[in-house]
Each structure stands twice: as C-alpha cells, then as structure tokens.
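Shown next, in structure tokens, is the structure this report addresses.
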Amino acid sequence: MIPSLPRPAIQRYGLAAFVGAFFVFLFVPLVVVAVFAFNNADYPTPPWMGFTLDWFFADSDSRTGLLHDAELLKAIGVSAWVALWVTVLSVVVGTCNAFLLERFEFPGKSAVALLSMVPLVIPGVILGISILAFASRIANFADATWGLELEFLRPGLPLVILGQFSYIVTIATLTISASLRRFDRTLEEAAFNLGASRAAVLWTITLPYLRPSMIGAAAMAFLMSFENFNTTLMLVGSDAPLTVLMYGRMREGATPVLNAVSLFLMVASALLAVLLMWRSGRAPRPKAA
Amino acid sequence: MDVAAHRRWMLLFLLAPALLWLGGLVVLPHVELALLSLQARVGPGQYAASLDQYRTFVDEPLYWNTFVRTAVMSVLATLFTLLLAFPAAWYIAKVAQGRLKMVMLVLCLLPFWVSEMVRTLGWLILLRETGVVSGLLQATGLANQPVELLYHDATILVGLVYASLLFMVIPLVNSLESLDDSLIEAAYDLGGSTANIVRRIVIPHAAPGIAAGSIVVFMLCLGNYLTPTLLGGKDSLWFTEQIYTQFITRFNWNQGAAFGFLLLFLSSLLVWAGLKLTGQRFGAVMKAS
Amino acid sequence: MTIAPAVTAAAAADRAGAYDLQIQTVRKRYGAFAAVDDLSFGVRSGSFFSILGPSGCGKTTLLRMIAGFIAPDAGDIVIKGQSMQGVPPNRRPVNMVFQHLALFPMMTVGENIAYGLERRGVKGSTAKTKVTDMLRRVGLPGSEGKRIDQLSGGQKQRVAIARSLVLEPALLLLDEPLGALDLKLREHMKVELKQLQAEVGTTFVYITHDQSEALVMSDQVAVMNHGRFEQLGSPQDLYYQPQTAFVAGFVGHNNRIEGQIETRNGDQVLLRTGGGLGLWAQRVGAVDQGQTASLFIRPEAIEIGRSPRELPAGEPAWSATVQAVLFDGGNSTVQVQEARTGTPLQIALPLTGRLADLRAGETVHFSYQPSQAWCFAA
Amino acid sequence: QDKTLRLITWADYVPKDVMEQFTKETGIKVEVTLSNNEEMISKLRATAGAGFDLAQPSQDRIAGPQAEFGIYKPMDLSKIKSEQFIPSMLEATRLNTTVGGKVYAVPHIWGTDGLVVNTKTSKAADYTDLCAAENAGKVSMRLKRPTLIAFAFSMGKNPFALYSDAKAYGALMDDVGKALTECKKNVKFYWDGKDQLLAGMRSGELTTAMMWDTGGWGLNKTNPDIKFVAPKSGALGWVDTFALPAKGKNDEAAYAWINFNMRPEIAAKVATSAGNFTAAKGGDAGMDPVLKKQFADSFPEAALKNIKWYPAVPAGIEDIEGRVLDRIKAAK
Amino acid sequence: MTIAPAVTAAAAADRAGAYDLQIQTVRKRYGAFAAVDDLSFGVRSGSFFSILGPSGCGKTTLLRMIAGFIAPDAGDIVIKGQSMQGVPPNRRPVNMVFQHLALFPMMTVGENIAYGLERRGVKGSTAKTKVTDMLRRVGLPGSEGKRIDQLSGGQKQRVAIARSLVLEPALLLLDEPLGALDLKLREHMKVELKQLQAEVGTTFVYITHDQSEALVMSDQVAVMNHGRFEQLGSPQDLYYQPQTAFVAGFVGHNNRIEGQIETRNGDQVLLRTGGGLGLWAQRVGAVDQGQTASLFIRPEAIEIGRSPRELPAGEPAWSATVQAVLFDGGNSTVQVQEARTGTPLQIALPLTGRLADLRAGETVHFSYQPSQAWCFAA
C-alpha cells in the first residue's frame, strides 16, 4: 500500500523486488541487442566472439559498419522524413480536432468523437490494408476513367505517411484535448477583455498554453511513426523506412549492423526523452500511450 | 463579424480536417474493405458479388480456429499484462516520489520508442536454443543441454506481454494517480485489509484505466504481426498472419478483406461484451486512458 | 420596491456625465428562466459600486453583459455615454478582474501587465514605464520579472488589478476576486482594495456574495435576487433600513420571527407569534393588522443581562433560558429561548466580555428598541 | 533522363561493387528493395505495376499474375543484347513467360531447391528423409508451394503433369498435405526468411532442411560438414528473371541494367554473390572455383539430368495449394 | 509557558480513566526540522478538544501520529489507558475524518457507513440497523441509497462523521473538516458539529487554523506553533488571558503596539512607543522596566466616542483622527491615528450603531482599561 500506511516488510520489499524485476524484464532484450552490436561475428546472434567496433565503423568487403551502410543510412533518412511529416500533420490536425471536440457543439459530434478514437483499436495491418485497398481503388478509377496516374495513391511514402497519420493523429488529439480541457477559459476572456483580437488571443494565450502538450504529442508522434511496422509494411513502395528495411534484412541476411542501428535508436530516443523531461520538468506521457 | 457567423466558419474550418481524416482514412477504407470482402473472383481480373469469402470462414474450421486461438491468446496476454503492469503502475503512481517517479515513467517508455523489430531481435538473441538464456541455464547447471525457448505459445505470450506493457502501465498510472491517498487511508482507518481496499476502493476507482489499458492491449495483441510470426513456432497461427497471407502470398484480396472485417467485427464484439460485463462506456474509458 | 437612482432611457442623456455606467432595462433569459430581469441602474463616476447577492442570482451574467461576453436579450448598456450595442469585449472601455484572476501563467508579472498595452500597440519604453509605474501603485515595485506562481495570493490579486488598471478603463469590473483567498488574507485585501480604489479614482463595479465585503468596501451596494435588484443604497442604508425581507435576512445576521400583526400604531406594529410572544417593530412597506408578517431583529440590537436591572429602562423586557453560548471572542452570541413561549433567539454578547461567563441553562433577560426591529409582509 | 533505377529483387542479387560500377558507368543510381516472389507480385498488384522500374520474379510466376493483374509490360527484346544470354535459357524463359503473344521476361539467375544437410549429424538423401524419426526436431522447410511440389515428386508423382487437371492436382495435393502434416512433428520451424534458416544450420540447431542450393553452398564455406544434396527424386530447378513493371518510369535504365548485368564479368560477380549460376553466356568462366567445385559435388551427371524445371503456374493452382498449406499450418 | 493538564508518564497512570488520550513527550522530526516537538497533553473523556495553529505548525503531523499513520520518533501515545506503540492504525480505537472527507465515491452513502462495520464482521441486519440509526442521528434519515455526488457539502460532512462514529471509536480525529466548505455553510456546520458532539458524547480531537471554529466549538483549545503548544485552555482563557504574544495575536483581532517598558507598578506596566505614546497594560510573564515589549489590545476593548464625555470616567483618554470607517454592520470598525503620535489603532464600533455615521477625518476620543490590555516581552 501507500507509504503512509505501515506495511509488513515482506510486502514492502516484495513490491520493490517485483518492480526491480519488472524493469529488468523491460530492459534485458534491449541490453542484449546493444551488447551484440559489439560482437565480433558476422551474425547478430550468439555465440559471443569477442569485442569489435566494426559494426559501427568498418567499411571492408566483408563488413559494412553503420556509418558506411548507405542503405541503412538512407532508411534512417526515409524514416525521419516520414516521421517529420506524420508529426507535423498529426499535431496540426490533432490541435484542430482538440478545438473541435472541446469547444464546439454540432450535430453528430458524439459520433465524430467516438469515431476519432477508433483508429487506436484497429489493428495496424488492417488499417494499412484498408487504406491500400481504398487508395488503389481511387487510383485505378482515375487511371481507367481519365488516364490519370495518381502516383501518391500507390504504395510509397505519401501513403505510408497517410497510413501512420491515420492513427497517430488520434493520440495527438487525445493528448492535446486533455490539455485543452484543463485550460481555464477565463484566461482567454481575460485576454479578450484586455483588448486582444481573437487571433491574438489564440496566438498569445491559448497556443502557448497548449505548447507543452503539443511538443509532447509531437515527440510521441515522431517516435511512433519511426517505430511503426505493421501499417507501414502494407503501404511501402520502393523507399524503405528503417523498420521495413530491418525486417527485410532480418529475413534475408542480417549482420550485427542491425544491433548497431538499434543501439543508435535507443540512444537517440533516450536523449529525446531527457530533453523533453529537462524542458518540461515532467515525464512526457502520452494519452492512451 | 457577427459572433455566431464567425463560430460557424470556425466550425467548418475545424470540421474539414477531421472529416477528411475520418472519412478518407478510416471510414471509406473500411467501406472499401467491406465491398472487397463481398466479392469473389470469377475469372482472370473479373469479380462478382458473393458471400464466398465469409462462407470460407464458416466452412473451413481452420480459420475459425485461428481466430479463436488468436483471441484466447490475446485475452491471456491482456490478463498477464494487467497482472504484471498493475504492481508496477502502483509503485510508480503511489510509492515513487518526485525524480524517481519521473525516471521510472521514462524508463517504461523507452523500450517502446525503439522499434518492435529491435525488441523482437532482443528476444531472439535471448531465447534461441543457442541463445543467452539457454547458455546461462547450462552454465549454471540448471540445464545439461541447449534449451529451445523459442517457438512455443508461451514465447508468443512473453513477446506479446512485453510489447503491451507500456500501453497498460500508462493508463493505470494515470488512473491510480487520481486516486486520493486519503481514500486508502480512510479505508484502512476503518479497518480495511489490503486485499479489501484493493477490491473495494482501488479497483473500482481504476476501472476506467484498467478497461482502457485492456482494450488497447487486447487489440494490439490481436493485431500484432511481428511477434507471433517471429517468436511463434510452427503452430503459431495468428489471424493477422492469415490476413497478410491472403493479401500478399495468395493475392486474394477479397478473402483477406473478409478476414480483416471479421477480425474487426469479432474483436469489437469481444470488447463490447467486456465493457458491458464491467459496466463501462467506450468513450469514457478511452478518455481515461 | 424602490430602486434609488433608477435611470430611464430619457433621463439618462441629461446626466450622462455623472454616470460611468448606465444599465437600461437589460434582460437575459436562459430558456424561460430570467437570469437578469429588466434591470436598470446607474453607477456614478469614481464610485465603488457593489452588487451583492446569493449564488445564482445573476451577478456574473450581469457583469459579463457589461464586459461584452454575453449579449443582452433586451435593453442597452451605456458606458461613458456610449451605447455598447455591437461593441465586442475587446473594444469596450472596461476591464475585468476575474474570480480566479486569470493571470497568464506562461508570462511574467511584467508581461501580464504589459499584455493589454501591447495589444493597443503601446510597446517598448512607454509600456515599460507604465508597467513599472502601475506595479509601484499596487505596492509591488520591482516585481516585473517574477513568475506568477512565485506570488502569494494577495500579490496575485494586486497584479490582476494592475493588469486591468494599466489600461485606464472607464470601469473596472470585479467578479468576486477575493473568493479564492483564505480568511485572514480576505480581511486584509478588503481594506486594501478600498484604499486602492480611492487612490486611483477608477469606477469599480464589484460583485460578491459576501455581505461583509460589500459593506466594508462600497459607496453603493445593490442587493440582487432572482435577476432583480431588491435594494440599492449605501451600506448603512441596507443595514439599518432594509427595504425588503430578503435584504434584512441577507445583509448581516438577523433573527427572523414569523407571526401575525395584532395592532398597528403609526409606523409601529405589534407582531404576535404562533407561541403567543408579542413584539413591536417598525413597519416596512404595506403590512397591516391581521396580516402574517416576518419580524427581523439583529442579534446585536438586543440588550441582554443577567438581571432585568442591567437592561435600559423603559423598554419591555423578557426572560429567557440560555441554550448555548457560542463563544467567539468579540463575535460571541448566545442562543436563548424566551421563557414563556420558547421562541428561539440569537443575541450578541457585549463586546466588553461582560457576559463571557454565561453557561447553558442560565436565565437571562433581554429587551430591544422597536425602532431597531422591522416587520415585512410575509 | 531519370537518374535512378528502382529495382525490386532478391537478396544478394545486387552486390555493392556491381551497383557502384553501374552508377559510375551510367550515372544511374540503383534503389534496391528486397523481396520474394509473392511480395513482388503483391506489391506490383497494389501499385498496378507502378513504383518500380525493374522486377526479378521467377519465370514460373510471371504468366499467371500477368494474365490476372496485368502488372508487367512486354519486353522490347530489341533493346536486349540477346547475344549475352545462354540461348537455351533465353528460349525456355521466353516460352514460359509469353502471354498473348508477348514476351515478358528474360532469364537472369538459375538454381535449384534441394536439401541442405549437415552430413555429420544427418544422412538425409531425399525430401522424405526430412520426416525420418532420426531427424525429429532438427529439420526445417518452407511452408510454400516448392515444398508441396518437392514432396509430390519424392512420393513418386509428377505434379507438373497434373497442372492442367485441377481436380487431380487437388487430390495429389491433399495426399501431400497429409504426408506433410504427418511430418510436422519433425519440423523445428517452418522457415520464412533465409537468415532464420541459415542461423539454425550454422548453430547446429538444425541438421537438415529443404532449401536453395545457394544456401547450402554458402554454409559449406564455413562448415565443410554442411552440404547441398540434390535429392534422389530430383532437385527443383528455377530461373529468376528480369521483368518490366507495367508502369515503370525508367525503362532505359532497366534495359541498361539488364545488359550490364549480363556482361560475363558482371554476371560472374553477381552469381558469386548470389551463390548461384547465371544465364549469361560465359559467366561461368569468371566464377568462383569453389562454387564450381561445390556444384560439381552436389550435382553428379545423373542429378543434373534429374532436375525438375518449374513450368509456368496456371491460375487457380495457387488456391488449391494455399488451402493445403493452411491446413498443414493449422494441424496439431 | 504553562501547559495546563501536562501529563507526565508517572502521573498518567492515576488519572488514566479521566483521559481518553494522553500524549507523552511525543516528537517527530523531518531532518533537523521538528514538526512536533516533545509534546505532552491529555484529552478528557467526552470533551471537544481543538488544536488551533497556523499552517505548517504540525497539526496534521500530530493527528496522524495519533491515528497511527506516522510513527513518533520518541514518546508515547496512550489511548484509553493503552499505549499505542506498535499498534497499526486499523487496530487503534480511533477514527479519523479527513480534510477532504475521503468518502468513497464508488459506494452509496449506506455502503460508506457500513464499510467499517463489515470489516469488523458486522453484516446483514445488524449492520443495516446501525447504519440507519447513525444516519438518523446525523440528520440524514433514509439517505442510504444516495450516491456521494448527490450530497451537498454539509451532507457529505455529516456522512463522513457518521462513517467514523458508527464504529464507536474512543476518539474521533477531525482534520480541518470544514476547510472546504463555503462561508455560510461553515458558520452553520460549526454549530451543528458542536451539538452533534454533545449528543453522541464521543471525544473529539479537532484541528483547524480557523480561530472562530476552535473558539465556538471546543471545551479545550490548544494553540500550536512550531510543533509546540503555546497555550492550552478554554476558549475564554485563550481570548481573555493569552499567555503569549503569539496567542494574543492569533486568537481574535488585536492591535499590536511595540515599545519599551517605562515603569512597572505591580502587575501593570507602562509601555512607551517610539512615537512617545504611553499605554498601561497587564504584564504577562517576565517583562520589566527598560525592556522592549509588545502591547496587545483588542479593537472591542477600546471605548470610543465623539467627545471625551461619552467615555467611561476614570481612565486616561486620547484623541484621534479617523482614517477610515470599515462599516460591516455589527462588526464595524474604524481605523484611527492617535492625534499626537500618529499611532494607528483599530477600534470596534458599538453594536448599537451609535457611531455608524462617523466619517474619515473626524476627531474621536478613546480610552481603555489597562486590565484588558497585555504586555509581553518582545
């Protein structure tokens, strides 16, 4: 129970031990991945063959380290590009949605509100497939009817961006709505009363207030996009984001460079987390994760 | 401008992106999926309306079994996730203070920011016959020959639980944090035992959080693709895998669409039943997450 | 019911200079429910005007109509002689201090105060000077750089007022700004706010449900109930000459005794309670013999003593049994029951502490002057 | 001119140095997407043949999907330097990939499906040995159509002969399905990505597997005990091709890549990287001698003759196989 | 400092019967900071005992030690003669009413009250009867089935108390239970709570920072500051005989005047302010000639009049200028400055309304009895 209640030592230490074990469970897979990035072997699996930095720096015929693996580096670039767009779209549309759902009444609002949460519980594969199918139908139709090739509706990065956006925006919406709901509207009235125009109120009061939650939603969106696989798999074209590339490599020929890039991802996201925490003084916490 | 007119324009302005998103990326794609599922191939490149795809699902016990198996495993994974996440969430929400709490929250988030692929790679390194755990077991004399820990149903469960923890921990922490400590103290002061307080006070209070976490986790498990395919063995039938197979290796979009639709429908039914059983409402629950 | 300076649309024009605010038969309905019901009044330039009423009586609705956040269904609001019809809130020469102050947490104190100036295009050193000057006037010199959450409750209060006053509004509207403060601080801020208003000379329209705030600070108080004004006058008027039973009950503590008018003698009436107690009082309004009525008498208007000799001579006296002594220092009261009829009464104990040792069960004697009791038609 | 070539192909078919050389010579950058037959077809189906400029499906999987989905465009054979190809292979591929009188592919690399055996721990010589009790728990295969066909042959049937008779083919597949279901207890896992299988063989977790020859030869280099064995009932011969997606945007680059790849010295490099043999005339000359020796070891004269080459897959066959495969997967 | 019924461990045994609670040199430190500092006192059976002190003085810490949520660093807590060392909170014969009540929102009123009974194994009709009975006693008969959020603030209050009282604890601990209520309701609940305690006879230990609550309700009040008791006594003791400057300043309103002791005459001293004003007062504690000291005199202990003739004869009188009239009905005061020295003073206006028409700037005269002013060493 809570610290203010006396608890038997066994309960106290039991809980602490459990939580310790919990975090070990959480981190062991990551730790082994990271450790095997330094394995002096050609495969990302045991046994341990000694220490090497080859998988970061090598550029020989037999070994290509992360820094020289053009394909991998490009995939990171692609992922970042996709994530950037998904982030911008999700935060912008999420903010609009938050205002729509928190500030306006309109017929069918509850349906819209409910529907906007649904993407969270649609399996990613199905989301990907349905968007793929729908997009192909439109593209085929345009092609057949007007001879118009709508390339962005064919598997490729635009569709990947749309697919990821379709559910990540739900998370952004929930996060920003929650913050907007806590917002004291008299602050807006006060600004208005002090002579601000509507636009000025939005710009100087409401958006600055929402900024932390928008930054949090953006971080979340970026990371979720970066790590997405299920939806992306169905929608990729010739440019492979990192996860898809890694999947391909894992099936068709992996080296510990996969571990190296994983370690890079861990360090990058840890840095992002620290940055967010340091800026906001609070752990970034997604709504509905 | 007149205030009411201004609000109407704002409403339209905000409604547009929401409707584009929900219509273009959620509703219509699923309508397309539904339409696809109601067609069957009658000749090369020719399709006609038909219930064949659904008939297949009914006639061929294999698919129905796969679905049941997927659902049962997902329910189990959800339960285990809840059992595992609850004490940890309790510790984070109620026992840990200040910095520690923040750090623990971030530690929970980190593994989920690196991709699912990386985490699965970690499990592969750990659990394979020649992997780290097997090696440790042999080194400590707990096993006298290599142990294959991959390719069992239990392995899938471990993988699923692992992949789901965050999505349970965050809503639980959110809802437990909102539980006033003095309610627990009051119950204790009135003679409540730990078990009774958990049952009468904590669980009823955290119910929306538990439901939210459980729904999201259940749907995530059900929709997972990587974990069952990579960690699961020769018997690891997973429904999303069937969908993927139909779409990708059988080129049978119609069948795949029907499966997708059935997954969506049957899982929604399960979630709905779960909510009814525990007297919760979807909208409220998702807001709590 | 008489509303002292009731302003008709016609009369308004003549006296516009004297009034910073004129409310002309303003009405606001929510469905069939009238939150503000055809209200008219004027607020004189430079005065501290309070609107006092119970929760839900329509105070906030009225204030927000003046500020422009709500449009009246009917009637007009005239500020400094200008009709406010169609003028949006950000163009009205009024500023508002909100109940929870609504300070911008993302800005410093200085930025909060400069906010309105910047919106008017006042920037740079002019704005800076104004902010510095304003902070000095509210007793917070040099606080520009502080964050809002570094301020105490009373300091926040002053910043909120400064933020509005720096715009030199014709009218400052305050919506229960002391509500969120704790008791001791509220006592203190009451005095301070009154002083501040006297110094800056801006017209204040202040709403509250706390009668003590209204009485202590205001030049004029309007007592509001169900969307209408029951009485408008100086604090002393309200306290010593309530015009309605509602005002008598709402402003200050009061014993309320129900009964029937037995006799009338000029402006004095004799009320007989159900239990048979007969009490004389001033008659207010048209209450007369045979009617049921309510008699009000303040706990501190009743003289009390251990023996009848301690009471002023010449007034009828009663004996009573002490039910409970509510000792509260200078605000102590006793709850007594009149000996013969059991009528319960609350009587203030003398400030001197003379009867501080009274105990429950003791017999006491009391009397009062009929001129300090009022009788209203029930 | 467009400066990139978007290529969807198999792992190891585009070695780094070949790609660099191509870019250096032509200024065209090559973007590679790794895939397999099914995914290649699916992807092209979803894009209606857009998104890639060149694909490398196996020759047996071209005619059917082309008829169904129209995802390729005909080859302009005049742009191909046909003199670079082994004529018999070019001709065989032409026959198998002609739809409506148009040719859709030229051959690139060929190889076989057979058994990869760790000769120290396993004595397997035919597909059916995968199901022998002594190998229980140590074998792997793919749950895909080659496995069905291989088992049909090892059961003494000729599935290719029944391609045109859906009913008979179905009956045969049912039998094969039963046998494979029987066999399931022996299987450690059904492999999907080749890496999974290679890791299993390398670590000794597996002793026997059905796989491409190239996988066996690759393993043989580091562990001489592991050999590729042409099964008694015959290895299955495949040819991977070059085909042009219907909406490819850079045919010039695609033809350039094909002609470049079929140059003997380049073909040799590619074949070495893939561990297979090339359809390029004279490509063998420049190939790794080790590989040649491995090939000779795996394919004595008789075995070479006994290779069963995949004919084009008629539409509808895959449905029958799919159902059987699903049942095997689902069986306990 | 004298703590009236200070209980030493030895003496405790004899008188155990008379005390429901004995605190014996209990101490709690957080680091170097003593939240509760070697405190000893006893609470008599059946009494209403309040602990009054400013925020952060250690009240909650003390109460939570009694309830058992915090273990003292030293000392013992004895309830009904039983040492509570090592007894967990759920085994102590005390129950607690929490500041925000901590009613279980997931249960009905009836379930809330039955919760503790069920934990003791009291079920079915016995429990039901007890709940019904308890609800009747707190004036909420028939509310068993209501949800918590259907109750008003005052009703919630009563349910929280009922939930504890139904367990018949030896001691009921209340941690500022009225803090969250609004002013009018708080006034009302004060009286109600006192009555309830008198009826049920359970010993109440009540903590608050609101002196009016403590004075009105309690039999005994302990004034706490910095983890220690400044004074323990009846409300009247505290009000009329404060033992320390802190108590004089904290309990009730007071004018505080600093100066030096010029003369001592028995128990009376003459304090001379910096401005030269000389005032006589009771000396409290060891303050003597030449020392700097603080003089306290309550606003209502000062007589005021327009002319010196209105003041009681025989006491020295001063004239003063009115700075502001704080009209607040029966609680009206004036702020004046003594004419010669400018010393500011707050003086209560007579309850009779005699001086209700005073205006700022008028000259008034005032006097007081030195026996009603106290002087403490500064």
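Going in written order, the chains are labelled A, B, C, D and E, and every chain counts its residues from 1.
FYI, a residue touches a chain if its C-beta (ideal position, glycine included) is under 8 Å from a C-beta of that chain, and two chains touch if they have at least 3 such contacts.
This one's a predicted model, so the numbers in the text were calculated from it and none came from an experiment.
Contacts with chain B and chain D are shared by A.
Chain pair with the most C-beta contact pairs: A-B.
Separating the CA-averaged centres of chain B and chain E is a span of 56 Å. Rounded to whole angstrom, the centroid-to-centroid distance between chain D and chain E, based on C-alpha atoms, equals 91 Å.
Counting partner chains per residue, chain E shows two or more touched chains at residues 69, 89. Residues of chain A in contact with at least two other chains: 4-5, 45, 250. Under the contact definition stated at the top, the residues of chain D that touch 2 or more other chains are 192, 199, 203.
Pairwise, the chains that make contact are A-B, A-C, A-D, A-E, B-D, B-E, C-E. Remark: chain B residues 180, 182-183, 185-193, 196, 200-201, 204-205 touch chain E in the complex.
For chain B in complex with chain A, the touching residues are 6-7, 10-11, 13-15, 17-19, 21-22, 25-33, 36, 84, 87-88, 90-91, 94-95, 101-119, 121-126, 128, 130-132, 135, 162, 165-167, 170-171, 173-174, 181, 184-185, 188, 194, 197, 212, 215-216, 219-220, 222-226, 230, 240, 243-244, 247, 253, 256-257, 260, 263-264, 267-268, 271, 282-283, 286-287, 289. Residue ranges on chain B touching chain D, taken from their complex, read 44-45, 60, 62-63, 65-66, 128-130, 146, 148, 150-151, 229, 233-235, 237, 242, 245, 247-252.
By the touch rule above, chain A contacts chain C in their complex via residues 184, 186-187, 189-197, 200, 204-205, 208-209. The touching residues of chain D, counted against chain B in their complex, run 38-39, 41-42, 45, 65, 67-70, 144, 184, 187-190, 192, 199, 203-205, 315, 318-319, 322-323, 326-327, 329-330, 332.
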